[in-house]
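Down below are the structures I want you to see.
Consider the two complexes below, in which subunit A is the common component and subunit B and subunit C are the respective partners.
Now for the complex of A and B:
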């Protein structure tokens, strides 16, 4: 295990883990709850995300550099609990990779490749993900930085090209919804922000694991900023009522770009960039699964057979687990609960348990002395 | 050996990643440049203006007698819009391709029944683009698609360009596309507008022989403004009333108005081009039963294009009087347009959104009765017009002519 990941790369990894799917789902979901106040809900959830990033970052910063998360956990909570936690988190990353892959391919199918069987699209995507996961976290981190640096000018360009279609006053009346409703509207985005938990797996690979806190917090802040800009952009152009009925409002938004008769249909350019970020996100999840299984099961062979097995399982799971494509309840309800439990509650419970057990050991050590 | 294995695997992968189920050859597509949708009983009639690529590419010169036309028009029928479209498979060797569709013509009968289903088709399917311009016509939409244009080879393109030019230079009618229509119909007022297109003149021009004349027997023309309430056609505004509504919607970019001579009174003596116009509207609600007041501030600038007034434009007081008269003209246009929308009880100017933004609590109380509330609104309009330029001469030719006559005497 080599420690090469920098603070910037850590922030970029956090951003790549959260943004690609959040950008697709959140405008509609949040505006459904709080209409034009969606940006306030996002602001609130970004702040919540920052707190979560700080807490998870602190937990991650406590691990020793070069020692995988699951192994480090074993030292504080005991082997059995660490093994169970490792398997549970591996199952979580696998499950979330399967869900996100299904959503991604549903989008590709709806927008571009209608007649190509989804099983083929999913198979091709799984092969790419296996390649990404095989390369490990360092190349993923380097590419994440490139994508992060590209995403800002691209976002600025899309704002610039749609600025003539914007009505700033769509944001009014500000704060029409009660604070309870606004806070509830922020629950789904908070679920997405909780994916900052990836920092637990990344920290041991960092040159200075202590910087995991800053990396996680910056990652959430940058993601929150981009999401707020995107939601405001959709709001200003379409108004809150139309966005509610749009499955992919950001795609519809860039589809409106027309400059005279010579710049039209540029959405494919934006979609291509977005697809690369989704591949990277899914690659991170598959890497998370493989990494956790590897360290938990202590397999006596190299990564390839495991990668092949998990890849095949992912292909089968994502292909046959979804009788229907529409998964609104799943993405907003069940997934949010799962995200919050697996990314926030579970790791934080492990952190508390680890501290208690360490304190107990120290107390016992003191008593023995 | 390992290298060869990798190469083989890569080649095999290529076979999987081409997306060949969605492969479409250009010569398998019917590219539509315009579409019309009509309703006949319980059936949808969808008409297509389809390009003939080989003719379009070679049709840059004038039409020769008997030459092939760049488009063909045909219709299909079905119980739903999409089924009607798929019925085209029974008569066309090519698949209809809507990504280059420029305009959508809606028949009056359909508009009376409601446009919900049509908008749903556009929002639901990725091959139909929301940027398509929407127009309405009395009678059948298909007739509009059949009409040929002389200057623009592809009529669908020509119609859209006419709409764009009109919006840029005359601003009487708004440019409405599908997403804007959906947005207006989902706004607080739930009302929208669509510009009218009609065939002006005699016999429709549908063959190349008719095109080879300097004057065509008929042409496509933009007309009035259709007013939709809850997605259904409820009435029409005349061009000048539409301009008034456009002032209130802050959608006037440039336009030309005829006015008098300021002091001397009279009408249609001078033409002034409005170059910049900005409208700010502020709702004011006082008592419980008081009607809502809308404070409208219009700031406009313009240039004198033509005059036959015997006035000395070098004098500031003369300019000031001309400006006052112009302000009166704009005021009258706004009032007339607004009054007509009040008669229809159709808030097409977006006042509902303004009230919601400024008085959210009151809005929820009056929301259900908005058409009535709208018809009672009192408009307080203030127009501030500045004549920025006089053109290349400060005196009218009539005045100069008069001066020469006086000197002769």
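Now for the complex of A and C:
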């Protein structure tokens, strides 16, 4: 395990893990709850995300550089618990990769390739993901930085090009909903922000693992900022009622952009850029699965057979495990709960347990002495 | 001039220079191994017999025995007539030796021999393997009876190509010299440009049969030790029959075999190699090849041309951006055309869509097949253009333009738009300064075309994602290939997308290469406003 990931790359990895799917789903789901106050909900959930990032970052920063997360966990909580945690997290990352891949291909199929069988698209995507996972976290981190740096000017450009279509009064009345409703509207985004837990796997690869806290917090802050800008942009252009009726408001928003009569229908370029971010996101999840299985099972062979097996399983799971396209309940209800439990509660419980066990051991050592 | 050439072995061995023979030792065949590691005998007769046997009485092996009857002489001179400068041998080796053999009874014979031969450097050796290497590289060997050592005088000659203009890396402004097949000439061209004792040369002999001289050059104090050690180690590990060109060495020592991207630069321009050395790169000069290798390298280096640094920074920067765009066009344009016309027609503005649709009406092939046919045709034409005798080269252009372009459109086999796409792609490919990189782009283009034809933009994006991951995971002698873009090194962006004016490039562009990062002081000819104000204030 070589330690090459920098703080900037860590922040970019966090952003890549959260943003690609959040950008499609969140505007609609948050506006469903709090309409024109969606941006306030997002602001609140971003602050919640920062707290989560800080907590998870602290836990991650405690790991030894060069020692995989699962192995480090074994040193504090014991082998059995660490093995169970490793397998559980691997299952979680696999499950979420499968869900996100299904969503991704459903979107591609609906927007771009409606006549191509989804199973073919999923097969092609899995091959790409296997290649990404095989190359490890370092290339993913490097490309994440490039995509992050590209996303800022692109976002600014899209705001600039849609500014003539914006109606500022669309967000009025500000704060119409109660604080409880606004806070509840922020629960779904918080689920997405909790994916900052990826920092637990990234920290051991960092040149200075202690910087995991800053990387995680900056990642959440940048993601939150971009999401708020996007939600405000959708609000100003379409208003809350229209956004709620749109499946993918960001795509429709970019679709409005026209320069003269020769640059139009740029949503395809947006989708193309977005596709690259989703590939990376899914690549991170598949890498997480492989990495956790590898370190937990201590397989006596190299990564390739495991990668092949998990890749095939992912293809089969994402192709045949969904009786129909996922509906809103599935993506917002169950997924949010799962995200919060697996990304936030479970790792924090492990951190507390590890600390208690260490304290217990120290007390025992002191008593023996 | 000739004297300078004969002095070159001295330079080659200066500094840390050592000759490393990767073709000796246990890797040789059973007979070779025994013969080549053996020491020279005190008996001249025995030595001559062994050398004759090793050469199998080759017709061009000349053995001249002096100071006695043949078979019982005191001194022998050996050389291969085909690769030495006979005039030089006669004048500076044979004549003094005859004089020496006359006066041999006076004083220490070997000291007198050293003093007698008026050659730049006399190499002494005691192994048969060393003797063979030198004789095969155009040296003249002197063996003295009763002495278990031989003396090699540099007398390399034979026919050589003169220094000409570069054929593959031409510039409108800048030096017009290019390397030749002679390692000595190439070393001369580099030494003339970098006149510092810090330019170090290390020599290797690689190839069991060809015993090719391979020199590595670097500037001590600028080069990093890690890549240098890597280059040395990898060259030492090459165990092969023949090295006939630097291309052989490149494939043996590059970090990754399975990649379409070149991981080492090659150049036939001495100025480009000198610039590389000054930026901390290591040059690998192979005898018999007019292309010198440079390592480590990065992706962006393949888009820099020597001319960028000779003409104004503004036009150089503009042209560099054009090159990056051309690279993208070269790999993406046909696949984008296929994807848009096959899967995403909604992307096109209506007038353009109608125009394309009317052109494609009646074309019997899908866009993918049409594009593949045209691209393959162009590749055939290109290959034919390279292989055909020059006198008929123009005929190929006419056949290509008229028959395969105009006629194919008129016959309704391909659309005019496709001809435009393929032609523009081909021209864009020629804009890339490095042939290696443009060849890689050609291969990638075909893969992306197939992906576009089957999965549209999704296929292209999948392919690009794999390509991007592949690119950022590549390394050249330990240096990340995509530096300074991924990982980002902000300080090194002055010579990536644009080339900033020379006075602003205070540091060497790629910090990963060298130790000594500062390359200039305050070189502004005109003081800045700030400096002028300071000057006015001071008494």
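Operating definition for what follows: the second predicted complex is superposed on the first by the 368 of 369 C-alpha atoms of A that agree within 3 Å, B and C clash if a C-alpha of one lies under 4 Å from a C-alpha of the other, contacts with A are read in each partner's own complex, and residues count from 1 in each chain.
Rule of thumb we're sticking to: contacts are C-beta pairs under 8 Å (C-beta built on N, C-alpha and C of every residue); 3 or more make two chains touch, one makes a residue touch a chain.
Just so you know, these numbers come straight off a predicted model, no measurement behind them.
Undergrad: Mind working out whether A:279 is in touch with subunit B, subunit C, both or neither, as first, second, both or neither?
TA: A:279 sits against subunit C, while subunit B stays out of touch.
Undergrad: On the A-aligned overlay, A:124 touches which partner chain: subunit B = first, subunit C = second, or both, or neither?
TA: Both partners, subunit B and subunit C.
Undergrad: Who wins on subunit A residues touched, subunit B or subunit C?
TA: C
Undergrad: So, A:176: does it touch subunit B (first), subunit C (second), both, or neither?
TA: first
Undergrad: Answer with first, second, both or neither: which of subunit B and subunit C does A:238 touch in the superposed model?
TA: A:238: touches subunit B, not subunit C.
Undergrad: Does subunit B (first) or subunit C (second) touch A:227, or do both, or does neither?
TA: Neither: A:227 stays clear of subunit B and subunit C.
Undergrad: Is A:116 contacted by the first partner subunit B, the second partner subunit C, both or neither?
TA: A:116 sits against subunit B and subunit C alike.
Undergrad: Just checking: does A:265 make contact with subunit B only, subunit C only, both, or neither of them? Give me first, second, both or neither.
TA: Touch partners of A:265: subunit B and subunit C.
Undergrad: Could you look at A:252 and tell me whether it touches subunit B, subunit C, both or neither (first, second, both, neither)?
TA: first
Undergrad: Of the residues on subunit A, which ones does subunit B touch that subunit C also touches?
TA: The overlap between the subunit B and subunit C interfaces on subunit A comprises residues 112-113, 116, 120-121, 124, 127, 264-265.
Undergrad: Help me check something: in the complex, which residues belonging to subunit A touch subunit C?
TA: Listed in rising order, the residues are 4, 6, 8-9, 108, 112-113, 116, 120-121, 124-125, 127-128, 131-132, 135-136, 138-140, 142-143, 145-146, 149, 261-262, 264-265, 268, 271-272, 275-276, 279-280, 283.
Undergrad: Mind pulling up the subunit B residues that touch subunit A in the complex?
TA: That would be residues 13, 16-17, 19-22, 99, 123, 126, 129-131, 179, 182-183, 186-187, 353, 356-358, 360 of subunit B.
Undergrad: Along subunit A, where are the residues that touch subunit B in the complex?
TA: So the residues of subunit A in touch with subunit B come to 110-117, 120-121, 123-124, 127, 169, 172-173, 176, 238-239, 241-242, 245-246, 252, 255-256, 258, 264-265.
Undergrad: Looking at the complex, which residues from subunit C come into contact with subunit A?
TA: 343-344, 346-347, 349, 455-462, 464-466, 468-470, 472-473, 480, 482, 485-488
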